[in-house]
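Letters A, B, C, D, E and F mark the chains as written, and numbering starts fresh at 1 in each.
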Amino acid sequence: MPHIIAFGEAMVRLAPPHFQRLEQARTLDVEIGGAELNTAVGLARLGHRVEWVSRVPANPLGQIIVNRVMEAGVGTQHVEHANDGRCGLYFLEFGASPRASSILYDRRDSSIARVQPGTFDWPSIFRGAQWFHVTGITAALSSNAAEVVHEALSFARAAGLRTSIDLNYRSKLWSVEEAGRVMSSLLNLCDVLFASEADAEQLFGVRGVDFAEVAQRLQQQFGLTAVVGAKRETPLVWRNRFGAVGYHDGQFFESPWYDVEIVDRLGAGDALASGVIHGMLENDFEKAIRYGAAMGAIKHSIPGDLPWISAEEVQAVAEGAGLRIKR
Amino acid sequence: MPHIIAFGEAMVRLAPPHFQRLEQARTLDVEIGGAELNTAVGLARLGHRVEWVSRVPANPLGQIIVNRVMEAGVGTQHVEHANDGRCGLYFLEFGASPRASSILYDRRDSSIARVQPGTFDWPSIFRGAQWFHVTGITAALSSNAAEVVHEALSFARAAGLRTSIDLNYRSKLWSVEEAGRVMSSLLNLCDVLFASEADAEQLFGVRGVDFAEVAQRLQQQFGLTAVVGAKRETPLVWRNRFGAVGYHDGQFFESPWYDVEIVDRLGAGDALASGVIHGMLENDFEKAIRYGAAMGAIKHSIPGDLPWISAEEVQAVAEGAGLRIKR
Amino acid sequence: MPHIIAFGEAMVRLAPPHFQRLEQARTLDVEIGGAELNTAVGLARLGHRVEWVSRVPANPLGQIIVNRVMEAGVGTQHVEHANDGRCGLYFLEFGASPRASSILYDRRDSSIARVQPGTFDWPSIFRGAQWFHVTGITAALSSNAAEVVHEALSFARAAGLRTSIDLNYRSKLWSVEEAGRVMSSLLNLCDVLFASEADAEQLFGVRGVDFAEVAQRLQQQFGLTAVVGAKRETPLVWRNRFGAVGYHDGQFFESPWYDVEIVDRLGAGDALASGVIHGMLENDFEKAIRYGAAMGAIKHSIPGDLPWISAEEVQAVAEGAGLRIKR
Amino acid sequence: MPHIIAFGEAMVRLAPPHFQRLEQARTLDVEIGGAELNTAVGLARLGHRVEWVSRVPANPLGQIIVNRVMEAGVGTQHVEHANDGRCGLYFLEFGASPRASSILYDRRDSSIARVQPGTFDWPSIFRGAQWFHVTGITAALSSNAAEVVHEALSFARAAGLRTSIDLNYRSKLWSVEEAGRVMSSLLNLCDVLFASEADAEQLFGVRGVDFAEVAQRLQQQFGLTAVVGAKRETPLVWRNRFGAVGYHDGQFFESPWYDVEIVDRLGAGDALASGVIHGMLENDFEKAIRYGAAMGAIKHSIPGDLPWISAEEVQAVAEGAGLRIKR
Amino acid sequence: MPHIIAFGEAMVRLAPPHFQRLEQARTLDVEIGGAELNTAVGLARLGHRVEWVSRVPANPLGQIIVNRVMEAGVGTQHVEHANDGRCGLYFLEFGASPRASSILYDRRDSSIARVQPGTFDWPSIFRGAQWFHVTGITAALSSNAAEVVHEALSFARAAGLRTSIDLNYRSKLWSVEEAGRVMSSLLNLCDVLFASEADAEQLFGVRGVDFAEVAQRLQQQFGLTAVVGAKRETPLVWRNRFGAVGYHDGQFFESPWYDVEIVDRLGAGDALASGVIHGMLENDFEKAIRYGAAMGAIKHSIPGDLPWISAEEVQAVAEGAGLRIKR
Amino acid sequence: MPHIIAFGEAMVRLAPPHFQRLEQARTLDVEIGGAELNTAVGLARLGHRVEWVSRVPANPLGQIIVNRVMEAGVGTQHVEHANDGRCGLYFLEFGASPRASSILYDRRDSSIARVQPGTFDWPSIFRGAQWFHVTGITAALSSNAAEVVHEALSFARAAGLRTSIDLNYRSKLWSVEEAGRVMSSLLNLCDVLFASEADAEQLFGVRGVDFAEVAQRLQQQFGLTAVVGAKRETPLVWRNRFGAVGYHDGQFFESPWYDVEIVDRLGAGDALASGVIHGMLENDFEKAIRYGAAMGAIKHSIPGDLPWISAEEVQAVAEGAGLRIKR
């Protein structure tokens, strides 16, 4: 099976149960999440060997993250247990129409934001690997972190890996200007871009009549192989419609829409990325979009950020399996 | 900020989790609720100084109520801790279509039902206040309680406060005849009436082709400034449509409909009242209806009877904010 | 009140809370369920005297089952506490669109699968009883169990009881061929058959343009008095439409459709059976279908497999009660 | 197996988990308890056929009680489902040294307090029975209830049953004077008395140098066959020492002391009574004291008021079984 | 009743339930705590009017703190809702012999650490107040915070309040040298010191043969009225012995030892301080020590850091109430 | 770090929370455990590279086991996911004095009991490894399993690994005679034996005046390097005293006694084994006994069977760290 490397932060996520507001909470459910990690887990669940590269504090919170990454079948041998920095946290509050869900980040000064260029031995990490995945969030953590992302992408290219990046613009972390500048330089080192039309316009001023046109322009501007996005309709907080769109080799691809009954929508986009990378590793972009959509759609039904999904389930949903109880 | 007084009962509410029936329950979730209290909390959340006047037993159940009223930011300095009477309880069972939710009241012989006229020093309580709110439920608890409501409204008027009352007819507490008689005498002391068309017809025989006509007649009959109601469609137990309607100064006002994904619909009407009173304190009836509708709609998304809502959220929903996650 | 006997297995059901996947579970909710037991409980809730005949291991798991059967008001005096065999278990994982719910059975080698013909003193058990109910699942547990079902039906007929059977074909337990052969011989001893069109076709090769035609053929082939089925639409995992259809005395009956907000759909078909038997004990087949549909629809709103429903509730839903809170 | 009748109230018990104070509670655990019921359950667990006679409200709280009584294997066919009166509740708060546990009763106006003489058909209830058990708590509920206890004891005697009563003086329910007067008249109809030295002194002014002397005097004064008590040392809230003492036929009996690690000490005295009655039904008073002590001691290890204990366990503990894990 | 001011930080406390290690946690219980706040709550529970002065972030975590402070009956009108800084957190892991409990602090960069001198209008805050309480932890948060503590103590003295300080040396927050230097200057502004012998030696090099000697030296060195400490024996994690010692007016006072069954020992020292201040406000130092010991001992029995204790309970324990259930 | 291989079964463990009896359970906590796995986890926590060899069913229960083994840092690359056999379960009920805890096994027909000789490629598994650990439980599962244990020990010896075995006699799985016969043949292939005096006598008829004498005889009879045991006193269910004893090179070693406040004593002996193996890998038997005792003692404080302990903690406890909160 191919071998994949992902690099980024994971945070401990704390959320009140039973639709309570944070203010009302007397207990919090503990999950972990991080854009690249979520994608890494999705790929491991599809049968790939995946290593997640990161930096966590050498304390029980850092250990929670490492334990759960291992539990999900992703390798942690390149995770540095640091004596500086803290563990990023985020507090999630589930809403219900007409009130949206919301997230309170408490991620400043995390161990990975303090990462130094040269920390990771990329050539050794990339030995034998086929794909490297990262997102704009990691680059946004600090200028150091952005530098390390650049370093990683350069080494990945040099080692012959295919590379993907998810824009994932977070306005709380950096300005549109800084994000545009940094991400531009990173995109030049990438093969596949995951992006929304809104982010593409905000960061690069790229716009078009539809996703296909925007994707085509991004592809040309940054020399990309493929551009992929999610499509989503949000009539209610707990009922959405979801699917995937992609542009590759001059062609536009689109999955069917899925009606999703949402249990937890965090990480749906990251699960989509794992389905897409899975398909692209088989050099089948049509399958990439189909699997990405199915994987992203199924993720909505699973608590936490991680996609606890099997290959059989993705296959079944992609083929339109029904909703009767499986006995 | 204006200063508001509410008077009424609060009960301890006990409800099985996870949609269990009461018969199945091995644990019960503990909340508190009471029509006037719910409205008081909503007003406190919008930034007002609010005192809740009541009578609770001097035992841990009474203390639960007082603690939580304080937690919600409402003053309790005029709450009497009584050595007679018990703490009213209600048991709530959540249904799901085609079975409705249901409530079992166990509120007989509560401390507040035993209240005596003269218990509260109303002139001192009303000093510096602008608004007094009460509901028909308090009047229904006992003839003593009804007398104290009359006393309170009279003193409120005398002290120059604006007064509002919510009909809230409860057939388990008194007959239509008695309710009609008592409420008529109270309405003569009120500026604003919250009422449903059904209750108006049952209690006063007032009917009309629509809410506007009913409201106009009520307004004339009782010399009211404004009449306000909720509008609701109930296609399912966990999905409703909700909004507010009002009549003021010869004009009919109506909010948009909100699709609500219900987490807990108890207290939605009381939250509506707090939004309306908030708007009326600014002498803006159009805003009153808009805020009342938004506040009532948001309440459906929050566990318990109390409206843990912020002014910013009401504003956002009233302006049509979307349902994407707020990061 | 009539007196009813049901015979079959009950299993301990273990399900993760909060929509977790089994893999994620750190706690499991404990319920019990079994097709005949579920129907027995439904009938007890409607006021009948019901005995459930079974064989459970003489250990705490067997005791959980017996305790809860008693809690639900069903008699257990004919339940054998066995020193051989284990307690059947099943693990239930709730899905959400587009992922279906699923069940993992761990029921091999259960005490009841080891039952021996002659174990139960049927003539004494049936003394004073009016109705005997069983399902194809019991017959599928082992050839011994099938023999005991045959024994029971023969004695029931001999004792003048009316008899009903639910096909309930389970492909994990036996082949279509074996099921067809065994069930054919059992159906010849039955008055009422609960079956789906799909099972009828799989097991007996009986098909038709609609349920009525299939039912008519089944009725003729096996000399049945009535054939009953459920109708269901499954647009989503947590929202279905449900109702009952039946064929009796040359006439086709059909209930209205119910929109069901699903809390737990396990046991809905068994609840339907209890409503139908209830109606047939009053010799009113129209009521049987109406009550069966209402009972099955309400069951979707209740956690666990057992129908914790009252006669008043069935009556109310059958008459189209609304969805407002009952106070 | 002998057949036993018990008569009394059961309440729904609500207790915060995790040593929370009531004031802090956000959930409450739901159990049921009642002195006579607890003893009835203990006897059913030891293999006896037991009926519990009572009066509960015809609502879900009353149904919780009936369901759980059935779950514990005790018959409820003589329980009246009443349309008047409420369900008694009690709120339990667990302490820890140096703060004692405490109970807040909310039992006024219960359905059973409203019982009328003549409600129960005692001759029919006692047909075939050997023993009748009641406690002073039932007599304390109301003068009506006391009258019905007298009625029941008279009929029991007439029907040839042996009768037992537990003094269980509750100062919140009645005065020492009234209790002394009523209990005296009841004791004259009893064979076995369960009592503490303190209650004996308070109610009847009977005192002595030790339990034996007090018991002897009570025996003589009321013509009793046996007098039984618990012995308890309370160095801490969660560690006690416990045992049984008894006086019968001029002889004093005493069990060994048990070190008890307390999970829930409610109902320990009632469990003791069931062990004692069990032994006395075998006319073996030494065994009665031994079993009573073991059963009472084990009860401390079980959550809730009911003694979920098996005959084998009582036997094992009475014989001094060790504390290693049973595999 | 006297009126008291406390100044300091409160943190959100997150702890795994059921003795889980943090690594194992899937849920965390949410409490709040802070040395001065805990003492403030204890005083409010004893009937005093108390205001807690602090600075919290204007987000849901800051709101959790403010809500719960209000719930406990302490005033928050002088709490600043800040737009800078985060909410301090601490993670608590309960141990069991031979493994101690442990705390992971995540409190860097809190809003209160960023407090500026001049933020609080101390003269207005102190108007009408009798006592001001603070601890060394607040001074340790940042040099700014230390400066504000100095400012507060100076204004308190000027306004005629009595002042108390708890050394509470935290080696994770500052060095022995810095703590010694800063605390010395603060002690000169204080009347009452709460300190352990160990801290006194570490920070000021003060030692003696026993607490009395150490206290006498501290009293002389800093011109104190009284010096108070806790005494504690720790044979096990969940069973301690606890009491209070004090030195006042040349005299040594000592409470009895209490055997404490520990539910949660956090905040015991702070509860002791509230009992002591309560006694000193009555100018009764013997009562101060007696109440301090009882209050501290009882605190061990209560989940969370806050002392949910009533004056009656303190009184009862101080008088040696027994451990039997209070009915 | 040395590299260790363990071979055996892991079961899913289901236990009611809050000291409930199994009969009372409405939820069950889910843990995993297995003698060799527990030891493997202990060694991984101490920093070793460990692989656990087993056979689990290819279903969600098997996946729970694999996920959690990975979570604990133990390798699973040699675990076979089987299509035959089920997942072993055990139900654990916590007692309290005077009632012992108890276990109900439901492990028949597990995938690993169906293992075939030749299934595992032992030479490849043992490549680069230093130690192999197994227990008598694995040999007891089936004759096949015993054969595979023999196969594994033979290959381990051949590959130059040191080997250890824990007798762990389980009377539910096999007779004393069979166990004695099979274990004798396995012991001849082992270097280190973990055994209790009782098991040694039951299985091999070896007895002596104390552990040292028994150990010496076992050592001679089977050519062992070392014999190790636990020492335990059980005055109560939740308070024990615990330590380790060992015999090596003609010398008897004994750790201090630890007072343990028990949270969960399952797996304490297995944790002891991991401490011992850790010491022996450093060829320091005195440290082996010291670490074994500390690790076993600490395990009692941790929920579940797995020893979530760090090397620092073992070190600290072995050095007599105190019980004050670590801040």
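The definition used in the following text is that a contact is a pair of C-beta atoms (placed from the backbone, for glycine too) under 8 Å apart; a residue touches a chain by one contact, two chains touch by 3 or more.
A quick note: this is a predicted structure, and the numbers were derived from the prediction, not measured.
Considering the contact criterion stated above, the chains in touch with subunit A and with subunit C alike are B, F. The chains in contact with subunit D and with subunit E alike are B, F.
Ranked by distance of CA centroids from subunit F, the top chain is B. Put simply, the chain farthest from subunit A by mean CA position is D. Residue numbering shows that subunit E and subunit F use the same positions for less than half of their mutual interface.
Note on chain placement: the centre of subunit B and the centre of subunit C lie 45 Å apart, centres being C-alpha means.
Residues of subunit A found to touch two or more other chains are 17, 21, 23, 26, 67. Applying the touch definition to all chain combinations yields A-B, A-C, A-E, A-F, B-C, B-D, B-E, C-D, C-F, D-E, D-F, E-F.
Interface residues of subunit A, counted against subunit C in their complex, comprise 17, 258-263, 294, 297-298, 300-304, 308, 313, 317, 321-327. The residues of subunit E lying in touch with subunit F in their complex are 18-21, 23-24, 95-103, 105, 170-172, 234-238, 265-266.
Residue ranges of subunit C in contact with subunit F, taken from their complex: 14, 17, 21-23, 25-30, 59-61, 63-64, 67, 86-87, 89, 91, 93, 104, 106, 108-109. For subunit B in complex with subunit E, the residues that touch the partner chain are 67-68, 70-73.
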